[in-house]
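Chains: A, B and C, in written order; residue numbering restarts at 1 for each.
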Amino acid sequence: MNVALAILWKDLVSEWRSRDRVMAMLVFSILVAVVFYFALPMLRPEELSALAPGLLWTAYLFSALLGLNRSFALELENDALAGLALAPGNRGWIFLGKAAANWVLISIVQILTAGVFALFYGIDLVPALPGLATVVGLGTVGICAAGTLLAPMAVRTGFREVLLPVLLLPALFPILAGAVEGSGAAVAGRPIPFAALQLLLVTDGIYLIVAFLGFDYVLDE
Amino acid sequence: MSARLLSLQAVDKRYASVTALSGIELELGAGQGLAILGPNGAGKSTLLRIMAGLAHPTGGKVQFAEGAPQRSRVGYLGHATLLYPELTARENLVFAGRLYGVEDPGARADQLLADEGLSGVANRRARGFSRGMAQRLSIARARVHAPELLLLDEPFTGLDEPSAQRLSLRLEGLAHEGHALVLATHEIDRAARLAQTALVLVEGMVKRRVNAEEMSEPFLRTAYAEALEASP
Amino acid sequence: MNSNPEGHGNAQASIPSRLESRASRWRRPMGYLLAALGAAYAWSVMSAPIDSTQGIIQKILYIHPPLAYGAYLGFVITGVGGVLFLARQREDLDRLAVASAEVGVIFCTLMLVTGPIWARGTWGVWWSWDARLTVTLLLWFVYLAYLLLRSFSGSSPRTARFAAIYGVVGLVLIPLNYYVIEIFGSRSMHPENLERGSLGDGMGLPFLLGNLTLALAFFYLLILRWEVEAQRRLDDASTSSGA
């Protein structure tokens, strides 16, 4: 537990000093929002706002990929990942620390991105906020759990950053299904369907367990 | 002979039928120095990583004397520094201390910085460190949990001569303080200075052993050359 | 003191392993049986009555569901083989996992090809984003990614471990994806109870033979691919130790 907290602290301090990861993810997300506008020129703004939850999740997903890759590319510098693997104790805690740091950083970007989407597509987010935050928070737990397990594998293959989307995206279908359903309801002012929350919680739980146990093998030589 | 710290029995590391290590036997007493010599690709790094608990052997046994589990008893120093460039020298050590569950990581960090002569740059980020300074910080990092055994994987690689010289002296000092050392290298002179015994590894197998009575630089040099010649 | 307490240290290193040799012995008889069964299957499909509403296209149903079983079986074996490889460090099970993923992907691909052909004839569209179809497509991507992961990172113990973990992710995804369908998949166009006696007269036999033949074909290909993988590892070993 202490190890997880140490890693969380280390990642957040490092990011606070350079800020490059959050900035890159944020700029990318805003660009995605702009690209949607140009890619869907036939739609009027109010039609776009109906699509917003799906578009928002698309932006979230791709910026998360960026952040997850970066999170472990940094660990490869100076072979720091081996330094983590050397530490005694259950390596599941290392996973948990990295995943928590990713969750915090990705969440910051998501909040800012949601603001940009609301501005661009004229959505009133304030009433939807509690519901949306719950759904996004839970969905991001799943993304970070699976992503923190798979990213250190991807970055250590010959193809580095290219491989993570191929590995991670098909694994996120249950998360995406629940998250889009839930976000849509939140933005439309409906109560969030219990089934969506249940799906997110179950998937989060399973991925957290698999990753906690599997991380030992990921860090082995 | 001091108490036995570590022994490897019939250690194999293979995948499919590629053999990285085969039938490695070795013993190391507490506070002793062992040099592992061999050309590139001989399996030196693999052997060290097995001793460090980073990799698992596919056969055989790695046994430490009674006490704490393996990973908390070894410190590892390679040519990569294992440091985080955005953290300061002190933060790097505090972080490492927390990874190892060190009692008071802050105090331990200050003490190590003083040991390695880095107190003056304690609050500077590791990013700006020269190769030699980073290597010293890296030694401090490897010692953060007061390990009995230091594993040194080609630590001189990439250092200029004065830095390498200083590192060599520092390692001798650590040996005097009672650390057991395992040094993987192909530099005979440094090996002879730091180790009481040596073994020559070629293609994953021990080709030659040099014991404490025989150990001297010229003898080691001849033994190494013979072992290389004997293997095709 | 025995240096190999579990005694599998050497058994696992030998290629082929005992398990592999034992499986290989079954391949040839299976091949003969497969040829005979395949002929009977082809005959029974040809002589089965032509469906009055769907026409000749309905005969795809004699091959499509059995392909699905093969695909899922392949993916489950990949996941379980991976777990056992991690737990027991037995490389032959890693080789089984690769072989199974590849055969599973072939079955899955054929299923994804035959499905739309049938759907075009019956539903009138090639692709429907039907819930089961979507989930299968996603699983197909998972195992394609599994094979990419293996081919991108070369043959090493690390690759095998990474692949095993990814195989486990794939394994938990199967029920999770079906759970998604359960919750949101109201739009499934797949017939619900084809398996339970809704087949018309004369359709039962070809359907049964289809299941048997493709199950046999699955295991035949699996063992064949397993042998190839063992041979490949041997070749890798001899080229790298000769260098």
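We take it that a contact is a pair of C-beta atoms (placed from the backbone, for glycine too) under 8 Å apart; a residue touches a chain by one contact, two chains touch by 3 or more.
The shown structure was predicted, so the numbers you read here are calculated from the model rather than taken from an experiment.
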| item | value |
| --- | --- |
| Chain closest to the middle [Cα centroid of all protein chains] | A |
| Most distant chain from chain B by Cα centroid | C |
| Chain centre separation (chain B, chain C; CA means) in Å | 47 |
| Between chain C and chain A, distance of the C-alpha-averaged centres to the nearest whole Å | 32 |
| Approximate Å spacing (C-alpha centroids) for the pair chain A, chain B | 38 |
| Residues of chain A engaged with two or more neighbouring chains | 220-221 |
| Multi-chain contact sites of chain B, meaning residues that touch two or more partners | 56 |
| Partner chain A, residues of chain B touching it in the complex | 46, 49, 52-56, 68-72, 74, 76, 78, 80-87, 91, 95-96, 98-101, 125, 141 |
| Parts of chain B lying in touch with chain C, wherever the complex brings them together | 9-10, 12, 14-19, 56, 58-61 |
| Footprint of chain A on chain C - complex, ascending | 86, 135, 138-139, 141-142, 145, 148-149, 152-154, 158-159, 161-162, 164-166, 168-170, 172-173, 176-177, 179-180, 183-184 |
| Touch list for chain A against partner chain C, complex | 146, 149-150, 153, 156-159, 163, 166-167, 169-171, 173-174, 177-178, 181, 195-196, 198-199, 202-203, 206-207, 210, 214, 217-218, 220-221 |
| Of chain A, residues touching chain B in the complex | 2-3, 5-7, 9-10, 13-14, 17-18, 77-80, 82-89, 220-221 |
